[in-house]
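Input: one structure, supplied below.
Order as written gives the chain letters A, B, C, D and E; numbering starts at 1 within each chain.
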Amino acid sequence: MFDVPLFLTFAAIAVACAINLVLQTHPISSALSLVGVMGSLAVLYLLLGGQFIAAVQLIVYAGAIMVLFVFVIMLLNAGAEKRPSRRVLGAAVALPLLFTAAALGAVMITTQIPKTAAVKFGAFQLGGAASIGRELFTRYLLPFEVTSILILIAILGAIVLARKEI
Amino acid sequence: MSETQAGSAVELEGVSGKVETPQPRRMTLNMGPQHPSTHGVLRILLELDGETIVNARPDIGYLHTGIEKQAEALNWHQVTTLTDRMDYLSNLANNLAYALSVEKLLGIEIPPKAQWLRVMLTELSRINSHVVWLGTHALDLGAMTVFFYTFREREEILRLFEMFSGQRLMTSYIRIGGVSMEPPRGWEKAVGKFISEFDAKVDEYEDLLNANPIFMQRVKGVGRVPVETLLDLGVTGPMIRAGGLKWDIRKSEPYSSYEKFDFEVPVYYESDVWARYRVRMEEMRQSRRIVQQAMDGMPEGRWVADAPKAVLPDREKMKTQMEALIYHFKIVTEGVRVPPGEAYVPVESPRGEIGFYVVSDGTSKPYRVYMRTPSFGNLQALVPLFEGSLVADSIASLGSMDFVLGDVDR
Amino acid sequence: MPFQLPAEVPLSWYLILSAILFVTGAAGFLIRRNIITVFMCIELMLNAVNLTFISFSNALGKVDGHIFSFFVMVVAAAEAAVGLAIILTVFKNRATLEIDEVSSLKL
Amino acid sequence: MNFYVLSLIKAALVAVVLLTLCAYLVWIERKVLGHIQLRPGPYRVGPHGLLQPLSDLIKLLTKEGVIPANVNTFLYLLAPFLAVLLALTSIVVIPFGPEVEVFGVRTNLGLTDLDIGILFILAISSLGVYGIAIGGWASNNKYSLLGGLRSSAQMISYELPLALAIAAPLLIVNSLSFREMVMGQQGYWFGILPKWNIFAAPFPQIFSFLIFLIAAFAETNRIPFDLPEAESELVAGFHTEYSSMMFAAFFMAEYANIATICFVATSLFLGGWTPLWPAQYGSDFVPPILLGGAGLMLLYHASQALRTRKWDRYSFPVLGVVFLGLAALFLVPALKPVLVPLFWFAAKSGILIFTFVWIRGTLPRFRYDQLMRFAWTFLFPISVVNLLITGLLVALT
Amino acid sequence: MQHLWLIPALPFAGFLVNGIFGRRMPKAAVTATATGSVLLSLFWTVKVLLGLGTLEHVYLERYFTWLQSGIVNVSFDFAVDRLSAVMLLIVTGIGSLIHIYAIGYMGHEHGPNHGGYYRFFAYMNLFMFFMLVLVLAANYLVLFVGWEGVGLCSYLLIGFYFLKKSAGDAGKKAFVVNRIGDFGFSLGMFLILIHFGSLDFGSVFGKAATMSPEASAGIITAICLLLLVGATGKSAQVPLYVWLPDAMEGPTPVSALIHAATMVTAGVYMVARSSALFELAPVAKETVAIVGLVTAVLAATIGLTQWDIKKVFAYSTVSQLGYMFLGLGVGAYSAGVFHIMTHAFFKALLFLGAGSVIHALEGEQDLRMMGGLRSKIPLTCFLLFCASIAIAGVPPFSGFHSKDAILLAAHHHAPWMFWVAVVTAGMTAFYVFRAFFLAFLGNYRGQGHPHESPPVMTAPLGVLALLSLVGGYFDVPHYLEPMFHGGHAPHETSLVVISVAAGLTGIGLAFLFYVAKPGLPDAVSRLFGPVYRLVYYKYFVDEAYDAVIVHPARDGSTAVLWRGVDAGFIDGIVNGVGSVARSVGGGLRQIQSGYIRRYAAWVLLGSIVIVAAASFLGGAR
């Protein structure tokens, strides 16, 4: 009974935060806006029945990745962006492109998705940790193991890059 | 926020020319003058690369009160009170150093009882200084509780000082010609009680700290400076003894009958914070021994020299003898006339060598009083101790130097 | 009768939200000049894609979409670690975060 | 009763209790610390300083909230709000007691029971760093910035061992819900030794528990890991520039975090509300005996009226009667099933909170690099090995 | 469940603890962990064996499916039968003794983090783990895991003093030579898999027994020969024995445990384990016997001339391993295994005694620098004497029993083998007593001040000495008899007398040469100058391998593979592709501005085009 208003509220927050992210000149404000987007997306995931993925969204994205961003911004003590010089040119190229992309997306969504398809709150029961874990460790075992190697490589890469002398 | 932004972006337009690597951005941190761990108003400008100190510049003088100049306007006896105010932790050693220098000019013989009392009280003040150092040092490293334990002992010592002199901090007990008052009744019991319990208290501190791996990690190998550097900078006291130099004025140039006391000079060789800590812990035990000996062997006799021109007479005599009344009048109204000349007698204070270079032109006021203070010398070691260390280690190093800003700025 | 809210959220709403977020991210990528902000725009786009995955997963009644977005998160984490390390290095060597001043990625 | 009404009542109760608890945690900490350090602690406001938190609150409320020049005002104000919000949020998934029936209403003692309650706690605690980091950054002060930086690195680093330590009991109980977690620890070995996770069958989770506690100290920025606010280096770290209620918010967040993490530890490792020994051996009578004993002691001391302060003569009997009344409450049959589990839960959490204070009174502080090295080269491998062994043994049995 | 897995798991746990935390642990804790884990393993072994009783049948424990892919279906199983029971007792028993001994021997490893002390024990524990896995394995793949694992540990331990170049080289040599053997072994394993469709011992031997001999004789022979290649590598047989003498660069406990008592017998164990296959392949069996005999003779002759005390014992080990192979080859599997056991006793004792001597002389290994040590370290002298008479085959000590069993079987199989083996036995007695006399009798020729080793070293030696003396009365052949199908050789007293006489003659000659007439050896060696040099330089085998295999391989690689194939052909292709790509890229680089956002715009444009094309052209429903 509450899911439509909840969706609208958090979708609005997400869009507002996303636009704020693009418009803010200071990276830390952008980063916090992105955290806002992620938080509201986590709520939307809950509405979609993805409890586990919502928690992971908060733990990994908001809690780790974005903290890392904030950390780096603070470490570099990055100031606000200076006024872009070639703004007109950039906008002239970028905005039509983006408009086209958005229009294309809208067309795709309206033509390809059946009108009747709706999200029933509580209908999707597979979003718990158990079912995802079972899939992850059976059908998706190989990709799962590969991600561990990916992470290992990322760790090594980060360490090598961040050393004092490179 | 100001940061030095050395170097600039270099365009790498496909040229294999010399590429200048810009210096990493450094941060300038202004530590002090109001900072919890500078122990007073010391300002240190730190240039940081991350958390490593690249450059450290101490800025002193915030506590400058012009004591040296003031001394020229006061008469010889009054200057004693100024020496108290230089260093609130080792006032008795300061009194003693000043008194010894003036007495040398006056050429007075000090009676044994006064000498023994002086030794006993300066050693108590050494203990006082070291326990305060220990407490604040541990507090800097985050161990709160030690602070309260040490202040329990400090309170005892201050009570003893109050008993002797009527004052807790600015005792001015050691005067030209002896000590200011006869020791009060029952002092043996009070001092005896304190020193009989004190060794156990030191053990208690060591129990709290020595067995603690975090404390060991914080002090071992931290703030290591070669003893030669320290010597070049004029560092004295426990700091130089922690570097392996057995230099203690009580042994090398004994004053006030120190040669008659039996004690060890603790020496360690690591020259790090840990060594300084152990030197001071051991010195507390040795000081307790000296106090014990002084108390047990306290000679009979008077507590001031028999020098009517320099020392105020007894109240009784003043009321009954004409001569005494005249001397009293003269000393009070115009002060002691010290024969022309100059003198310097160094004393081992809790922080190192303190000495007063006094010049007299024969009047009742000093022509010049120059203080060689240990804190100033020890603070010289700040730059070599700081550079290249981490900010957190610098706190430990700073604490291990044990200076009093009043002593530095004067 | 004025506009009436549906009883359930249509699937297309989620997809449109996702598209909006994605396009916003892409716009940010093209407009912003700060490397870190640009990087964050990429994260925003990844998040938008994740939302699509989860929506479809819900619509199809299969858990695979969740798994995909899980992998996306893992990759994003690895990417963030390496990417931020690169940014740190760039900043150390160039003392700038302006993306247009780091244009030596060419022959 | 209506679900919403019930939830509102419970939420109000928990909020009131938690906020009071935070305030009194400060009092408890100051008292315990004082006694460790040979001094009485707060003593002036109210009997034994019991009204001290109130006076602190009034003081902080009436102080001027200074906003320094050149700060980002929005973020500067947001940070303490965020910190306290996140700290208080995590309480919702903690179960304080079993399902009980009060006045004819059956309900769980606890606000809610998420299937992924433990993940929820992890998520909220991983967000907790924002308050500190933003506060440190927005203050536009180098000490604050360094404090914020340190805390974000520290909290990210210690989150790993924390999560790994939590994962080990999860393997044993096989649920992410706190309530099921506690339910899984019911029962007794040999009829007497509780089946808590630290006494779990194949591999007692004592290592997990210790790792969890150590990481919890770091997560809550407590000594010996209180680097973000190490006063000897960073003055006051991230909250150097904060004053009045904004400072109080940070303060409250810290204590709420301590309380929460102790609740979590109690639920995960110490069997939640389960008594230390079975009820048939009389564990239900522990609370009335303890409280009654305290009340009787107070009354005895009141009758002595020795060197107590002037109005201890009035406060002691009053408190004594209050304690006796509490003891009597535990004997009321209708309230017993509610109060006894709550008592056990509070007792275990209380012991953990006492440990927090105790450690603060005992240990010095790490150096920053030592702290990070400790996390990555000691705690992390240990927790991985612990998890592997637990997993292996659970799989084998 | 008897929880067989605990037997290897305990040393493995010790390895993990010492390997990860050893650096920070106090020395006593390292010692306790390492030795304790092995002792616990021994205890568990005994408990398991007592629990299993007489072991009439194989006792199998299944743990989990390891590999499952196509026809390969391998589960991780452990099994115990009488053969592995004997081996288990040898490995854990000797292993425990040597761990205790190593506490004293390695105790002087000083330096940061008490030197390699924790590292040494971690490796030793790891070795115990792999060796026990090898012994307990219930199929060839698990056995191979242990096989490779012990090889790894052998490499690590030979190169233990890795700062010494010779030690590092010796380690590498052992590793490379073993690789050759392992290659053969793995080929054999694949053949088994293809032919029998399984790797489990039970099913392989069962199928081999039921298959028609004509159909599978050839392939079984091939399998056996390949397995033999593996065994020659691990057990240091001709032609792959060259690594073992060099392996003495490792610490002495390592030489005793790995390169005398346990690991090198893995090949013997494996052949005995596969006896069911070898029985079906007479050619292979004959090859085993000949390889063993050649090895025994060759190594014994080299042993006659060596001056390094450990080298003497190393060649002796090779020679004794040859004996074991001879035993296997002539069908006396149980005698071969029996010899593994007695050899483990006396050879471990010899090595540890030699270690004790070396320890006493502070690192001196040259026999010419010893002499007269009998009065200086009497206990060690006595212990080494026990070992020497045991190996020389003097009745009634242990070597006599096992060696005689082999000799009898050899005579039963082919009399000429018996005679060659008897001569070898004489040589064995000669060189062992030569070393003994040179070291302990005569005058002391060194400089240092020898001192007796601590009790922690001599106590295990005492146990080993006792075992060497009475070990022959453990009736292993009888215990193992039901396992093997080989015929039992009749007991012939005359043959026994001959072999004992050969041994005594050897001892007598040694006494004559090195005690009674010390000038004689030089005279003899001058007399047989060329032969002596040939033997002294170990038949120039290492040099021959260098000339025949190593140099051609290296030069050929340099000339053909590097200069020709790599530099000429492959680089040519690569460079050609590169230059084409470069010229094409030269045109395309105009697009490349270096501005990332422009790239992004291109990507966006491209994806819009693709999506638009997909939706408007074909994708739309």
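Keep this in mind: a contact is a pair of C-beta atoms (placed from the backbone, for glycine too) under 8 Å apart; a residue touches a chain by one contact, two chains touch by 3 or more.
Everything quoted here is computed from the prediction, not taken from an experiment.
Novice: Using CA atom means as chain centres, which chain is nearest the centre of all the protein shown?
Specialist: D
Novice: Using only Cα atoms to place each chain's centre, name the chain farthest from subunit D.
Specialist: Ranked by distance of C-alpha centres from subunit D, the top chain is E.
Novice: Which chain has its C-alpha centroid at the greatest distance from the C-alpha centroid of subunit B?
Specialist: E
Novice: Count the C-beta contact pairs for A-D and for A-E, then tell me which is higher.
Specialist: A-D
Novice: Once you find the CA centre of subunit A and the CA centre of subunit D, what distance in Å lies between them?
Specialist: Distance between chain centres: 33 Å.
Novice: So what's the Cα centroid distance for subunit B and subunit C, whole Å?
Specialist: 63
Novice: Provide the C-alpha centroid distance between subunit C and subunit E, rounded to the nearest whole angstrom.
Specialist: 58
Novice: For subunit E, jot down the residues that touch at least 2 other chains.
Specialist: Residue numbers touching two or more other chains: 597, 601, 604.
Novice: If you look at subunit B, which of its residues touch at least two other chains?
Specialist: Residue numbers touching two or more other chains: 1, 25.
Novice: Spell out, as numbers or ranges, the residues of subunit C touching 2 or more other chains.
Specialist: Counting only residues that touch two or more other chains, subunit C contributes 26, 30, 104, 107.
Novice: Quick check: in the complex, which residue numbers of subunit A touch subunit E?
Specialist: Residue positions touching the partner: 90, 93-94, 97-98, 100-101, 104, 107-108, 111-112.
Novice: Subunit B touches which residues of subunit D in the complex?
Specialist: Checking each residue of subunit D against subunit B gives 33, 36-39, 140, 142, 145-146, 223-224, 226, 230-233, 235, 360-370.
Novice: Considering the complex alone, what residue numbers of subunit E touch subunit C?
Specialist: 585, 589, 592-597, 600-601, 604
Novice: In the complex formed with subunit C, which residues of subunit A make contact?
Specialist: Listed in rising order, the residues of subunit A that touch subunit C are 3-5, 7, 11, 14-15, 18-19, 21-22, 27, 30-31, 34, 37-38, 41, 44-45, 47-50, 52-53, 56-57, 60-61, 64-65, 68-69, 72-73, 75-76, 78, 81-82, 84, 90-91, 93-95, 97-98, 101-102, 105-106, 109-110, 113, 115, 117-121, 123-124, 126-127, 131-132, 135-136, 140, 143, 147, 150-151, 153-155, 157-159, 161-162, 166.
Novice: Taking the complex as given, what residues does subunit D use to touch subunit A?
Specialist: These residues of subunit D touch subunit A: 72, 75, 114-116, 119-120, 122-127, 129-130, 133-134, 136-137, 145, 148-149, 152-153, 155-156, 159, 176.
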